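These are the structures in question, set out in turn.
First chain A sits with chain B, and in the next complex the same chain sits with chain C.
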Partner chain A sequence: MKLKNTMTAVAALALLLPVAACSPSAPKDGAESQTLNVALPTHAWTNAIKESIPEFEKASGIKVALTTFGEDQLSDQYNVKLNTKSKDFDVMMFRPPQDGKLFVQNGWLAPVDDYLKKADAGYKWDDFLPATVDSVTVDGSVYGAPLITEQEVLYYNKKLLAEANVKVPTTMEELEAAAAKLTDRDKGQFGFLSRGQLSASVTQFSSFLYSFGADFDNGKKATLDTPEAKKAYEFYGRMLNQYAPPGTTEMNWIQAMPIFAQGKVAFYTDVSSLSPNLDDPSTSTVVNDWGVAPFPAGPAGSHPYNISAWALGINAFSESKDAAWKFMEWATGPDMSLKLQQKGQSLARASLYSSAEGTKGFRDDMIAAIKTSTAPGVAVGHDRPLVVKVSEAREIIGKPIVTGIDGGDVAGAIEEAQTKYQQFLDEETKA
Partner chain B sequence: MSSKRLAYPIFRIVMLTVVVMTLVIPFAWMVLSSFKSNLAITDPKQLLSFSPTLANYETVFGVADFLPFLINSLVIGLASTLVSLVIGVPAAWVMARYQMTKSSTGVLVARIIPTISLLIPWYYIFAQTGLAGTYTSLILAHMFVSLPLIVWIMLGFFEQLPIDLEESAQVDGLTPIGAFWRITLRLSTPGLATAGILSFIFSWNNFMFALILSSAQTRTLPIALYNFISYASIDWGGLMAASVTITLPVCVFALIFQRYVVAGLTAGSMKG
Partner chain C sequence: MTPLHPPAATTSRLSAFANKHRKYVLAGPATFFIACMLIIPLGFTVYLSMTGASGSVSRNADFIGLANYLEVLTSNDRFWPAVGRTFAFTAVVLAVEMLAGLGVALLLWRTFRGDSIIRVIILLPLVATPVAVGMMWMLIFHPTIGAANEILSWIGVSAQGWLSDPRQALPTLMFIDIWQWTPMVALILLAGLRSISDEPLEAAAVDGANSFQRLIHVILPTLAPTLITALLLRAIDALKTFDIIYATKGKGGGSYHEAETLNILAYSYSFDYQYYGKASAVLVLFLIIILAICAVLIIMRKGRKA
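Our next item is the complex of A and B:
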């Protein structure tokens, strides 16, 4: 009898536990239509706009609920939740180069063309940098407002250059000569550094490719084996093989940037948005010694990428699209853009780089580099192939880079990559 | 002669060093780094000589506010383990005593399915029932993994226990369930400890389920770790301090229950 009671109690407890445990949850469904769910990455922009959100809530009467995730985790959220037509978020910050084509093809992003037509004249859509507008446009429709822009630039260590009496290079040839002069393995000092990891290297290699007069493809045909592309592959691989610290084939910016920040490397090509790390005394020993220059010119001139790394879009399944647009219009409008730019963000509106107010938070050499890079006819609007399965393409394209760094047979690797990439493109256009 | 006698101790010491170093170095690096500034972490010269700082721990419990995540992880880990034990242990006993091989194979299938393939249907079901983001959804999801784990550990354990004990208990007047409750369960403490701790550690470390199924209120520690990695900058010091904070409770937990766990893992081989 006693035993039976105990067993009943245990069973009852087992049934109750999950129910009791769910009490502190918050139901998030559209019960209150005026709550806007905004999904953002952990990014300096997110931190900067957070403080201003109460102003928006007050002016619009819309309550904003923010969720933030790491970059890749945010992408995972979208991939799982939007697959089930989730209404969990209304406004979504996304990465046009990496996710844009996929999200549009899956019908997850709502086009904003109609909103742009109706938008207030003060919003000034034509102020956005053309290359960034391209990155959120698919088949003639606009799917978001560009936020953060990024260009590839040449970081250099002023102290090392002065010691060796080397000028800041403006061409690839000068860069190689300077890197050779500044490499002193016995002292643990190296001339050049850039990303060398299979997939991560592709974006930083892209500017080299464009500046040698090549591209990944022409939309249908792979162009990795043109004479220009071959030269770019050989150059990038050779630079990292001969003048860079060991182990570059495992390096993304996470590994490479700290080596430059420790003052051990003379030249480092990477994205402009990394510069706050170099200015922070808690992560950098080169706070007073680093400089930045526009991307050096190759045989075809200087053609760094200029991309919209992040954009704001609207979930196609959202039931509060009008409110979502209101938030987007406010967050990417001229006033808020200026405010965030002054907090150190590099935003996509052209006017910000020509006014003294917009460039207040920037170093002179950074502003000069950005301006040179974003001038019409210089910048290229993509830093990776414009395809749906970006990760797969990057792994194919990165192979010859890694082969080059390891000192292997680059020509053979290019041939193989060209064949594979062509097959990849054929399948992608078929689908 | 003497060289032969020396060979084994030397081999032993070398192998032990290699194995211990492989296991300990990453852990030691993590603990050391948690007391360094970000600059010292990336400077190989300051590997062992550096000026220690507590700033990273201040970040973890101050700015990053890890306490709620710690509580969430504890609630989910303990609840999913307890409920799984309550359901799984009697189930395993029945399967062991009545040779229900089809049922036990069925449970095993749940372990074989890659859990990532379940995330989309789960999220869909939980979102439709209004449970998405609640403790309940996370506990149920974790139970999907911990329940089969517990059933299989206990299954092997019960099969090793001599059935004579239960039979003589029944001769003395106990029902089969009474014999299970008063005799078998008391003898199974090592197995219960092993199953419980492994299930808890799984839940504590699980990232995938919590990433999709948790909300801002129910976020667990592994997800919160990623707060230290933001676009174009990583707070290595904070990340390492947070990792130590996450690892420490499990270490303490494991040390306390260690003797039971070891006994549980070797119980079968001892009896034969």
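Our next item is the complex of A and C:
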């Protein structure tokens, strides 16, 4: 009986244990060396900077703990963790066009204005490309340092063009004529390819939209049904319907790029930062055959997007904001930027494109295409609508594209998208 | 001075209390765990589903009662098609997996030379991670550079869209699920078959029953509890299928939402659009549906026992 009593007492104590385990742990000892948690996507930039991190640790005395996730998984992580005000990340790499406004509205990003004011003159904040600074600025406050810039360019297959004696097109009309000439379905050869998946297509379609003289909206009013926008929708849908491989309505770059890399497509419009994939002999058969040209001109000229695809920011809930800024200042400073640019990254500092040192890691035709695209008055600073709920807006805007690719009623789809997008904008401005 | 151990009086009082309420004390830890892991999250989900929470959960959200449910239940473009797809997917994969699983289990029932190797090979799809499975089939079914169309071209069949064709995407996903999960059904049923003793089968054979009659009248009735268990496990899993659809079709289940099941829809609402209220409403409705199906299956099983 005695033993039984003791056992029940132990059981009663065990009941209390989980409660003790749930209670917050003791505050950290301030004397121990500081650890900075940095969340990054699996991206070429991440791989390039990894090697240099020990230098930062040595110079600053701050220990850096890297966590990397796939692109979509990273935003899911932010979603889950920041919703619980987690301090797990101090420095966060984020996508200003997709996440910027939303994260700021949610109170997840800390403004860095004060740090910029105090920053060393050698940091040269004014060297960052203006379009990229805009992309990390929300309501007058800066929320991060732009990293990777991306422009839409025209990739082409030199071999296929030479065989058919076709010149690299500089206008949309020439592009369509060349694509028509180079499409031979029986041979499994196609003239044109771009993203066609509902949401993914919107960013690559944007440059076509701007080059036809249109935009998604004017801030308050949806402008998807202007005559210019209608022509852009019809053109993009027709190009993918008639000259592209089957199945484009399900293609993001992950599905589309390999088809170009296998030498089956003559022209492929996508983002400049994809080019390292084409140079990898293990996945690409066009290593020596691909070329790149500036985005072709539409009725309103050539207006590709030029965006800051990724930026570094500070978690608003972080307790190590000063250390986080130190890391950002180092990772996006002039020295490190030059070093990473030479490893093939296309970074957001203007000076990198005007010096021979900065362009060392690039092919001549790529640097020419980037320079043409980023010239003042050419590039547009967004590749998707400037709204908070970007994902939802993209699915509305992408509908007429998909309809066009499948040869459906584009005019009807545009009308529907215009109505839905206007409703969406009304709700956003109301909130 | 603080004593290291509680004084004897406290210990005995504690044991007396614990002894008196033994059933509560012993069930306590498990109850606490279930409350932490199940009831609190579920309660919070139900609460969220009645608010307009969006963007960030920690932002103040208005309590809007059943408005989310009303909106979801009247959504003819996303919710109801997703319900239809969820059930179509589950019904087809369950039917094929149960039949094929039973077939495989019957084939592997009697030992033969090399049966252990075959059993290992059959189990391989089961141990592969779902995302890897998704990536593999995505490459095989790639409309332009995939192996499936290559093989079809040898026998003169024209290239198919497979996962990229809005009409073929869901059937292709069913095929992948069947490929991956039939082995598990076979394994469960095989264990059930092994537990059937030889006597009734021999008795039936002596009475002149042929093998088909033995299957229908002896094996299947004896196997019924195992069959229903396998059915229940697979039904719950198939209804909740997420990984292979997400890995192959991405967020939203394709450009026409052609592979969007309830789980994928809830994911879109929560992680993509960040409408946490609406997403929670979808999930609560989904939970009710799953509970209803489980209840029916469990009643069926009880009925058999009685």
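Note that the second predicted complex is superposed on the first by the 398 of 431 C-alpha atoms of A that agree within 3 Å, B and C clash if a C-alpha of one lies under 4 Å from a C-alpha of the other, contacts with A are read in each partner's own complex, and residues count from 1 in each chain.
As a convention for this text, a residue touches a chain if its C-beta (ideal position, glycine included) is under 8 Å from a C-beta of that chain, and two chains touch if they have at least 3 such contacts.
Quick caveat, the model's predicted, so the values are computed rather than measured.
Chemist: Contacts for A:389 in the overlay, against chain B (first) and chain C (second): which applies, first, second, both or neither?
Modeler: Touch partner of A:389: chain C, not chain B.
Chemist: Contact-wise, after the overlay, does A:218 reach chain B, chain C, both or neither (first, second, both, neither)?
Modeler: A:218 sits against neither chain B nor chain C.
Chemist: So, A:199: does it touch chain B (first), chain C (second), both, or neither?
Modeler: second
Chemist: For A:107, using the defined touch cut-off, is the partner it touches chain B, chain C, both, or neither? Pick first, second, both or neither.
Modeler: Once the two structures are laid over each other on A, A:107 reaches chain C alone.
Chemist: Looking at A:82 after the superposition, I want to know if it touches chain B, chain C, both of them or none. Which is it: first, second, both, neither?
Modeler: It touches chain C, and chain B stays clear.
Chemist: Identify the partner contact of A:245: answer first if only chain B is touched, second if only chain C is, both if each is, neither if none is.
Modeler: second
Chemist: With both complexes superposed on chain A, which partner does A:398 reach: first (chain B), second (chain C), both or neither?
Modeler: second
Chemist: Pick one for A:165: touches chain B only (first), chain C only (second), both, or neither.
Modeler: neither
Chemist: I'd like to check the shared interface: which positions of chain A are touched by both chain B and chain C across the two complexes?
Modeler: 6, 11, 14, 18, 76, 83-84, 258-259, 262
Chemist: Considering the complex alone, what residue numbers of chain A touch chain C?
Modeler: Counting only chain A, the residues touching chain C are 4-6, 8-9, 11-12, 14-15, 18, 72, 75-76, 79, 82-85, 102, 105-108, 188, 196-199, 245-247, 249-252, 255, 258-259, 262, 264, 388-389, 391-392, 395, 398, 402.
Chemist: Chain B touches which residues of chain A in the complex?
Modeler: The contact residues of chain A facing chain B are 3, 6-7, 10-11, 13-14, 17-19, 21-22, 24-29, 41-44, 67-71, 73, 76-77, 80-81, 83-84, 86, 88, 253-254, 258-259, 261-262, 271, 273-274, 276-277, 281-285, 309-310.
Chemist: If you look only at chain B, which of its residues touch chain A in the complex?
Modeler: Touch list, chain B to chain A: 37-39, 42-43, 75, 79, 82-83, 86-87, 119-120, 123-124, 127, 130-136, 139-140, 175, 177-178, 181, 211-212, 215-218, 223, 226-227, 229-234.
Chemist: Touching chain A in the complex: which residues of chain C?
Modeler: Touch list, chain C to chain A: 11-12, 14-19, 22, 25-26, 28-29, 32-33, 36, 55-59, 142-145, 159, 161, 163-166, 169, 249-252, 254-256, 270-274.
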